[in-house]
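In the two assemblies presented below, subunit A is common to both, partnered first by subunit B and then by subunit C.
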Partner chain A sequence: MSDLFRSSRIPLILIWVAVLIIFGDYFFGGVFNQAFSTLTVEWTVIIANIAIIVGGISILLRSIMVSRRSSVDIVERIMHGWQVVIAVFIFAIGTAFGTTSGTYNWLYTYILLPSWRTVYTIIIFFMATASYRAFRARSGPSFVMLICGILVLLRNAPIGMRIWPGFYSIGTWILDVVNMSGGRAIMIGSVVGAVSLLIRILLGKEKILGESE
Partner chain B sequence: MSIIVEGRILQLVFLLGYSLLILYGINRSVNQGKVPNIRQPAAIAAIEEHVGRAVEMGRPVLFQTGIGDVSSNAGATHMAMLGVLDYTAKLAANKEAKFICTTPSPTLYPMAEEIIRNSFLTEGKPDLFTDDTIQFLSNQQMSYCSAVMHLMKRENISLNIQIGFFQAENLITLEAAKDSGAVNIGGAVRTLRIPGMAFGCDYFLMGEEVFAAGAFCSRDPLRLGSLLGQDLCKLAAIIVILLGFVLVAAGSDFLVNLLTI
Partner chain C sequence: MSIIQRIGYRKIIYLLVLIFTVTPMIYPFGLPVEVSTQSNDLFNYIENLPAGSKVAINFAAFAGMYPDSQAATRAVLIHIMKRPLDIVLWHSGPDGPLLFDAEMEFVSVGDRVYGEDHVYLPYVGGGEATMAAIAENIRGVFSVDIDGTPIDNIPLMQNINRAEDFDLILVLADCGGATEWGVRQWNIAHGVSVGGTPCSISYPDLLPFWKTGSIIGMTNGVRGGGEYELLVKKPGPGLKNTDVMSSLHILFIVLIVVGNIGDFMKRSGGGS
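Take a look at the complex of A and B:
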C-alpha cells in the first residue's frame, strides 16, 4: 500500500484527469460541463494553500533548529529566533482577531509594509548600478544588443528626441520589427517546448513525479 | 452548434499536430532505436564542469528556484526547473560538493526539498542533506534579493544556477554572484528576462532550451526523442509562416481567415 502512495502512479492519474478536464473545458466548452473545470481550478488553489502550510511549517522548524545550533554565528541565531517569535505572534494575532481586524491591519500597515518598502528602496539602487555593470559589450552579439538598448533608450527618453528626432524612427523599427520577430520566434519555441514537457509529464518521464526513472 | 468552441478549432488542430510530431520523435527514438544525436547546450555541460570546480575550490554551489507559485502561469517553467534541480543536486551529491538551494516560494519549497532529498538518497549520500541545504528566504521579491545576496557573500559561492521563472530580482542576484567571484548559469523563458540573463550569465538557456533542459541532462532516449519532435514542430511552424508570407504578399487572406476558425 505504501509503495502505491510512494509511486508516481497516483500523481500521474491526477495529472491526466486535470489535463483532460481543463482541455475539455477550453476546447469543448459548449458541450462540456464547466463545473468540472471550475472544481479542478478550485482544488489547484486548495492544494497550493496546503503546500504553503507544509512550506511554512518546514521553514519554522528550520529556523528553530538554526537558532538552537551552537556552531552558528550568534547574530544569525538571534535573527532566526526572532523570526520564529514574529511568525508565531502574527499567526496568533491573525487567528485570534481575523486577518481583516484592526490589530492585524495595523501590524501589516505600520510594520510589515514599511519594512518591505525600505528593503525595496535600498535594493533598487543596487539594481541601477547592477544594470550599469552588467551591460557590457563582451562579445559581438552583446555589442549589438548594447547598441540596440541605447537606441531604444534614446527613443523613450525625452532627451533623445531633443538630440535627434530620427532616434524615434530607429527605436520604433527595432521594437516593432527586430524585437517582435525575434520575440515571437522564442515564444513559438517556448510553447512547443511546453507541449513537449507536458507530453513527457503525461508519459511519466519527468523527474517531478517521484520515482519516474 | 459546433462541438468545438468557435475560434479554437485550429488551435486544437495545432495542439494535436504538435503532440503527434513529438510522439513520432519519441517513438522513433525509443522503439526504432534511432536516438537523435543532439548537441548538449554549453550551459548544461558547464553545470558538471563547475560543480567539479566548486569541489576543488571548497566553495558551495547555489541553486535558485525562481519566483512565483507552481499554481501560477509560470507552472510549466517551474516544472522544467525541477528537472535541472534534480540533475544538479545529484551531481553535487556525487561529487560531495556543498549544495544550497534557495527559494522565495513557499509552494516550491516542499517540492524542491523532496527532490533534493531524493537525489542525495539516490547517490547514496543522505547524510549530506542538512537543514541548510534548502532555504526559504522570503516571498517578498526584494527581501529575497537582499537575503540571497548576503548568503552569496557569507558562503562565498563558486557557482550560481538560476534557471526558471525570474523577475526583476534576476539581474541583481546575477550581479551579486559575479561580485562573489561565482560563475553564473541561467535560463529564462520570458522574452522580457532573456536580455538580462544574456548580459549577466556566463552560460544561459533561452526559451525552449529551458523546457528541454531535463532532457539534455538525462540523455534519456525518450526525452531526446521528444526534442526531435520539437524540431519537427518548429519546422511545421516555419512552413506555415512562410506560406502566410507568400499568400499575404499575393493579396490572399485565406490563411489569416483559416487561423481564426
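Take a look at the complex of A and C:
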C-alpha cells in the first residue's frame, strides 16, 4: 500500500483524469463534459489557495528555523526573527480587525506600501549604473541590440520625438514588427515545448511528484 | 587620481539620477505626447460599447510595480465609470482591494448605484486557474462581494455567471502575466475581447496578441497613462511623469554611450 503512495502512479492517474476532462470539454463540449471541467477548474482554485497558505507557513517556519540556528550570522538571524514578528503581527491584526479595517489599512498604507515602493524605486539607481557598466557593444548582435534599445527608449520618451520625429516611427516599427515576430517565435516555441512536456508526463517519461528512485 | 576616481563613478551616477528625476518634477517640460494606436484602440472600443454592456475587470495591481501603470489604470477607471456600462470587478493580487480603494478617491462614480451598475468582488489567489474558473462559473469562485453581501442578492449579478455574459474584460495594472491569462482563458476559450493597462515590461510581450485582435487595445506603462489622460481629457500623474521619463531616458542613453566610448578606448589602448 505504501509503495502505491510512494510511486508515481497516483499523481499520473490524477493528471490523466484532469487532462481528459479539460480536453474533453474544450474539443467535444457537451453539458456533461462542461460540468466536470468546471468542477476540475474550481478545485484547481481551491488547491492553489491552499498552496498560498502552505507557502506562507513554510516561509514562516524556515525563518523561525534560521533565526534559531547559532551557525548563522547574527544579523541574518535578527532579520529572520524580525520577519516572523512582523508577519505574525500583521496576520493577527488582519484576523482580529478584518482586512478592510482602518488599523490594517493604516499598516498597509503607511508601512508596507512605502517600504515596497522604496525597494522597487531603488532599482532605478542600479539600472543607471548598469547602463554605464554593462551595456557594451562588444559584438555585432550586442551592437544591434544596443541600438534597438536606444531607439525604443527614444520612442517611449516624448523628448525623442522632439529631438527627431523619426525616432517615434522607427521605435514603433521595432516594437510592432521586429519585437512582435521574435515574440511570436518564442511564444509558439514555448507552447510546443509545453505540449511535448505534457506528452512526456502522460507517458510516464518525466519525473513527477511522488516518484521514488 | 582624477576627481571622478576619488568620488567614485557610482556616487556621481546616483547623484545624476536624483537630479534628472527631481528637476522635471519641479520644472515640468510639458512635452507633447503622441497617442499610440494601442491606447487609441482601447479608448475607442470602450467609447463605442453600447449602453448596458457588461465589462469584467481584473484588478491585478501589486504595490511594488503599481506606479508604472497607475496613471493609465486611473484614467481607464475614470473613462469606464463615466460610461453607462455594467461593471464587475475582482482582484487577482492581495494588495488589490487596498490599492483600488485608494485609487477610487480620484475616480468619480457619478450617479452609479452600487449593486445595480457596478459590483466589487474580493481577492482570490490562484492566478490563471482562477481566471479560468471565473470564466466558467463566477459563483464557483465568489459567493459574496467585497462587503460580504451574497452575490445572489445583488441585482447586477442576477444574469451574470460566466465569460459569455460579458462584452469585454479589462485587466488593469498587470505586471505579471494576468493579461495573457485573460487572452488564454477568456478570449481564446470564450471569445471575450481583452483590454488592459499593463506596465511597460509586460507591454512588448502583449503586442502579438494586439496584432491578432485578441487584445483590442492597451496602454504602455507611464507613457500610456499620459496618453490615456489626454484621451479622457483628465491630465494627471501620467503626463507629469512622462517628463521624468524623458529626462531619465536621456540620462540612460548618455550613460550607455559614455560607457561604450570608454570601453572602446580602453580596448583599443587609447585609455587606461
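Keep in mind that, in the parts below, the second predicted complex is superposed on the first by the 165 of 213 C-alpha atoms of A that agree within 3 Å, B and C clash if a C-alpha of one lies under 4 Å from a C-alpha of the other, contacts with A are read in each partner's own complex, and residues count from 1 in each chain.
Simple rule for what comes next: contacts are C-beta pairs under 8 Å (C-beta built on N, C-alpha and C of every residue); 3 or more make two chains touch, one makes a residue touch a chain.
In this text, all values refer to a predicted model and were calculated from it rather than measured experimentally.
Participant: Look at A:176 in the shared chain and tell me whether it touches subunit B only, subunit C only, both, or neither; answer first, second, both or neither.
Facilitator: second
Participant: Let me test your reading of the model: by the given contact rule, A:68 touches which partner, first (subunit B), second (subunit C), both or neither?
Facilitator: In the superposition, A:68 contacts neither subunit B nor subunit C.
Participant: Regarding the shared-chain residue A:193, is it in contact with subunit B (first), subunit C (second), both, or neither?
Facilitator: In the superposed model, A:193 contacts subunit B only, not subunit C.
Participant: Looking at A:135, would you say it contacts subunit B, subunit C, both, or neither? Reply first, second, both or neither.
Facilitator: Both partners.
Participant: First (subunit B), second (subunit C), both or neither: which does A:26 touch?
Facilitator: Touch status of A:26: both partners.
Participant: Is A:45 in contact with subunit B, with subunit C, with both, or with neither (first, second, both, neither)?
Facilitator: both
Participant: Once the shared chain is lined up, is A:120 touching subunit B (first), subunit C (second), both, or neither of them?
Facilitator: both
Participant: Return the residues of subunit A at which the contacts from subunit B and from subunit C coincide.
Facilitator: Of subunit A, residues 26, 44-45, 48, 52, 116, 119-120, 124, 127, 131, 133, 135-136, 149, 183, 187 contact subunit B in one complex and subunit C in the other.
Participant: What residues on subunit A touch subunit C, complex-wise?
Facilitator: Per the stated touch rule, the residues are 26, 34, 37-38, 41-42, 44-45, 48-49, 52, 99-100, 105, 108-109, 112-113, 116-117, 119-120, 124-125, 127-129, 131-133, 135-138, 146, 149-150, 153-154, 156-162, 168, 172, 175-176, 179-180, 183-184, 187.
Participant: Could you please specify the touching residues of subunit B with respect to subunit A in the complex?
Facilitator: 1-5, 8, 11-12, 15, 18-19, 22-23, 26, 69-71, 76, 79-80, 82-83, 86, 105-111, 113, 115, 118, 131-132, 135-136, 140-143, 145-146, 149, 168, 171-172, 174-176, 178, 189, 191, 194-196, 198-200, 206-212, 214-215, 218, 220, 222-223, 226-227, 229-230, 233-234, 237
Participant: Along subunit A, where are the residues that touch subunit B in the complex?
Facilitator: 26-31, 44-45, 47-48, 51-52, 54-56, 58-59, 62, 65-66, 116, 119-120, 122-124, 126-127, 130-131, 133-136, 141-142, 145, 149, 183, 186-190, 192-201, 203, 205-208, 210, 213
Participant: Under the definition above, what is the set of subunit C residues touching subunit A in their complex?
Facilitator: Those residues of subunit C that touch subunit A are 9-10, 13-14, 16-17, 21, 29, 31-34, 36, 63-65, 67, 95, 97-98, 101-102, 124-127, 129-130, 132-133, 136-137, 140-141, 146, 189, 200, 204-205, 207-208, 211, 220, 223, 226, 242-243, 245-253, 255-256, 258-260, 263.
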